[in-house]
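Take a look at the structures listed below.
You will see two complexes here that share subunit A, one where it goes with subunit B and one where it goes with subunit C.
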Partner chain A sequence: MDPFIPIMVILPIASALFLNLLHKNDRTVKILAIVTALVLPIIPLLTGYGSHYFGGYAPLSQNSAIAQGLPSLITGTQLFIFHPAITYVFASAQKVMIFILGIIAFFAVFTALNETKKPSGVYAFLMFMGTASVIAILLSDDIFNLYVFFEIAALAQVGIVIASNVKHNYETALKYVILGNIAGPLLLLGIALLLGVTGNVNITDIIYSIKHGLVNPQNPVLLMALGLITFGWLYGSGLPPFHTIKSALYSKALPHGAALIQAFTVFMMVALGVIILRIFSYLPFSKMAIIAVSLLALVLSITMAIVQTDFKRILGYLALGELGYIGIGLGLGTTLGITAGLFQAVNEAIITAFLFIGFGTVLYKTRTSDTRKLGGMMFKNPRVALLVLLAGLAMAGVPPLNAFQSKLMLIQASLQAGVPELGIIMILLSIVTFMTFMKAFYTIYMRPKPPELVIHDYKIPKATIISLVAFLIICLILGLFPQIATSNLQTLASSLV
Partner chain B sequence: MVLSAQLFSFFTAGSLIVIGIFAALFLDNLIKKIIGLAFIGDGVNLFIITMGYKPGGIVYIFLPNMTISNFAQTASYPLPFALVLTSIVIGASTLAVMLGLVIVLNKRHDSLSASKILGDERD
Partner chain C sequence: MSIYDLILKRIREIQGKTEEEEPLTNISASSMLTAEITLISSILIALIMVRLINKALMIVLVIAVFFIALMITPIMPKLIREQNDSFNNMIFYIVLALGILIALFYWGNLNV
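Now for the complex of A and B:
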């Protein structure tokens, strides 16, 4: 058992608690937040693969000291291999995703601390609690533990929006938490049904029970559990019908907060989507349902982005549309498809963070995000404009940037799976994504500055420029050497087929 | 008689969830919506507790005068109760956040109407 596995969750939680306590000490908050954010992406690189059993309670089959002397009622049955404790599993796919999440968290915290005059310990607390929750969701092999961190992540996102001081942020936060209090308990009900049928909350044990005939796989209670867990997945992922509230959440957060929230959304979608595939992939319609919802997300979100006038809303809808690509990859159900979906998730998290922080410089200089009132920003900050343009090209899937590789893999996977129509739809919607982005880019950066627009002389912090350049470098590296990520993600994909 | 008590409990849990969903979706008063949401959480918690009920079951504490076989066969399943304890805490936290938000929004808008407060938002 590698002790670093739980440290990936414990460190940000502990740091968050200290940051909250030391809220008024600006210097301490800054140092502690930066150190934690720096360490977060490093830990997964140092951690060995394996499982961590909380309390040290490995399955009896691995724990002969406890198993000795137990009756055959326990040792002669499946109880001998079942997991009695909460289990965290760390493998190559988790390494890639937690590393990327750590990178995004680092740059979000770094930008937040440098763009505000007074660092906020409470804001940093919320960012780290959300990050810790999503890391736990990625690691957890216990479905109830996943639900607990799912709820904590939702609360952290609400807190980040409340702390933003943007107009109507309280209303958006309340709407999101009300919807969360419907979706969350229904997700818990689905988990309860799984517990009732299989007697387990450990996902590996649930799958064992279903695959080895300990429970009837066609039990209608299992189907109901699938429906309820999928409903919770839709809420956490911002897939329809929750795409409008998720986009609103992105638009009401500060740019660095939105960059982090979208990363939470992407990785929660992947984690829960993988669990749905692991448990319910034997049901043929489960993959079709994932594809259907993802297609709907793709089409609805991108078309809604076209009509928006707030660039944060445009980015929010484009980001949610990109989730559709991830879902299509997962729903195709082949090794190439799932690998492509997971790779798209990693790329999309980086690119959307890149875009939010990039466009956030516009908000920083002009205090408005209304594209109707903006213009001429290219001449004020040509370097940032170039970086934002490159981020947009990355999102559209232009080589040699990263999303080109993942979208190409997705199209290849759809052809391989015998569904070329999906490939055509993905290409068409990529073009629409690019058109929508260019429309926003033109109105903000290229058209003449409206006379009533006031562009303040605030210098964009070096931290923001460093973050943007770093994201661009990561996009280039993953675009030129995709095997860095795909070779690690393929193991998980193969296990799901 | 014991079986019908469990069935009655499931029925109550289901009713709480349905009433809660109705209140959350169709009532305009924010406080009533929040009470409805609390009902949904409580209904799910009651469902889980009821699932953990075992007719003739004993408390899952291994006492000195018991044998392991007897204990394994008669003790009720402790997991649902542990889950519900955590779920209650989560429910209380989200309830506190919602009520805090409603207090602030009530001061701003001088109303508890969801259609007025949540529908008034324009970007």
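Now for the complex of A and C:
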């Protein structure tokens, strides 16, 4: 067992607790937050692949000392291979996703500490708690443990919005909490039904029970559990009908907070989507449902993005629309499709963070996100404008940037799977995404500055520019060398087919 | 007045919020038109996938949706109204989605 596996979760939680305690000590908060954020993406690179069993309780089949002398009643049955402990699994796909999440968390924290006058220990606490929760969700092979961190991640998102001091933030946070109070317990009910039928909360053991006939795969309670878990997945991912509240949540957070929240959403979507595929892929309807919901997310979110006038809301809806691409990849159910979906998730997390922080500079200089009141920002910040334009091109899937590769893979996967209609819709909506972005870009940067618009002389912090350049470099690297990510993600994809 | 409305009223009082009226501009009109065309074309293309179940059903659905779309256009203003930040709308669609999901998963999986 590699000790670094639990450290990926324990370190940000411990740091978050200290940051909360040290709230008023600005210098200490800044140093501790930066050091922790810097370490976050490094740990997955140093960690060896494998499993971690909390409490050291490995399955009996892997623990010869305890297994010796046990009666055949235990050694001859599935009890011998079942997982008694909460198990975390770290493999190549987790490595890529936790690394990318760590990078986004680092730049979000880095930007937040430099854009705000006084570093807030509480805000940093929420950012790290959310990051730790999503890392745990990615690692956990225990569905109940996953649920606990799912709820913590949801609360951390609400906390980030409440701490943002943006107009109407309390109202949006309250709505999200109330809707979470419907979806969260239903997800838990689904997990309870799964436990009731299989007698297990370990995902690998649940799959074993279903595949080896220990439980009836067509058991109606199991089907009900799938429905409830899918409903929880919709809430966690901000897929319809939760897309309106999720986009509102993004728009009520500060840009660095929104950049991090969207990364949480993307990786929660992937983690729960993969679990649904792992457990229920034997039901053809599960993949059809994933595709249907993803298509709905794609069409509804992007059409809603076009008609928005608040650039944070535009980005929020575009980010949710991009989730549809990930879902289509997962729903196709082929190795290429799932790899493309996972790669799109990695790309989307980076690009949307890039866009939120990039457009955040407009908010920083003007204190408004209403595109009707904005204009002429190109003359004030030509370099930032160029970076934001490149981020928009990346989101639309323009080569040689990263989303081009993942979207091309998704279209190829849809053609291979015999559903070219999905490919056509993805191309059509990529064009509309680009048009929506260009509309926002034109109104903010290119049209003449409205006379009543006040542009403050605040200098954009260097940390923000560094973050934008770093995101651009990552987009270029993943666009030019996609195999860096896809070779790692393909292993997980192959195991799901 | 429900408890939720009371809480919201209180928050608005604390924060001194007011609702803004949105003016109609050329950009907003052209955006709406683009959204309308995108929505209808995406639905029509998606419906072609019904061919995997039944080709005749696909033809009937595509023609029916095409004519329905022509008759009820513009759809986007209605869709925006339904997808606003109203808590009642959100709850309605969430309960509706839960019902559809459970019904489809339960009977869909048993019968597909």
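The working rule: the second predicted complex is superposed on the first by the 496 of 497 C-alpha atoms of A that agree within 3 Å, B and C clash if a C-alpha of one lies under 4 Å from a C-alpha of the other, contacts with A are read in each partner's own complex, and residues count from 1 in each chain.
Here is the rule we go by: a residue touches a chain if its C-beta (ideal position, glycine included) is under 8 Å from a C-beta of that chain, and two chains touch if they have at least 3 such contacts.
All values reported here derive from a predicted model rather than from experimental measurement.
**Q** Under the stated touch criterion, which partner chain does A:Gly327 make contact with: subunit B (first), subunit C (second), both, or neither?
**A** Neither partner.
**Q** I'd like to know which partner A:Gly392 touches here: subunit B for first, subunit C for second, both or neither.
**A** A:Gly392 contacts neither subunit B nor subunit C.
**Q** Go through the superposed model and pick first if A:Gly358 touches only subunit B, second if only subunit C, both, or neither.
**A** A:Gly358: touches no partner chain.
**Q** For A:Gly130 in the superposed arrangement: first (subunit B), second (subunit C), both or neither?
**A** neither
**Q** Check whether A:Gln218 is in contact with subunit B, with subunit C, with both or with neither, and answer first, second, both or neither.
**A** The second partner, subunit C, only.
**Q** Does subunit B (first) or subunit C (second) touch A:Gly273, or do both, or does neither?
**A** Neither partner.
**Q** Is A:Met304 in contact with subunit B, with subunit C, with both, or with neither (first, second, both, neither)?
**A** second
**Q** Contacts for A:Met435 in the overlay, against subunit B (first) and subunit C (second): which applies, first, second, both or neither?
**A** second
**Q** Using the touch criterion from the header, give the chain among subunit B and subunit C with more contacted residues in subunit A.
**A** Residues of subunit A touched, subunit B against subunit C: more for C.
**Q** So, does A:Gly196 touch the first partner subunit B, the second partner subunit C, both, or neither?
**A** first
**Q** Output the subunit A positions appearing in both contact lists, the one against subunit B and the one against subunit C.
**A** 168, 170-172, 174-175, 178, 182, 186, 309.
**Q** Spell out the residues on subunit A that touch subunit B in their complex, using ranges where they run on.
**A** Residue positions touching the partner: 70-71, 73-74, 144, 148, 151-152, 155, 158-159, 162, 168, 170-175, 177-178, 180-182, 184-186, 188-189, 192, 195-196, 199, 201, 251, 309-310, 313.
**Q** Any idea which subunit A residues touch subunit C in the complex?
**A** 167-168, 170-172, 174-175, 178-179, 182-183, 186, 218, 220, 223-224, 226-228, 230-231, 234, 240-245, 248, 283-286, 289, 295, 298-300, 302-304, 306-307, 309, 372, 418-419, 421-422, 424-425, 428-429, 432, 435, 439, 443
**Q** Would you mind writing out the residues of subunit C in touch with subunit A in their complex?
**A** Going through subunit C, the ones touching subunit A are 4, 7-8, 11-12, 14-15, 17, 22-23, 25, 27-28, 31-32, 34-35, 38-39, 41-43, 45-46, 48-49, 52, 76, 79-80, 83-85, 87, 89-91, 93-94, 96-98, 101-102, 104-106, 108-110, 112.
**Q** Quick one: which bits of subunit B touch subunit A in the complex? Just the residue numbers, please.
**A** Within the complex, subunit B touches subunit A at residues 17, 21, 24, 30, 33-34, 37, 40-41, 43-44, 47-48, 51, 68-69, 72-73, 77, 79-80, 83, 86-87, 90, 93-94, 97-98, 101-102, 104-105, 108, 117-118, 120-123.
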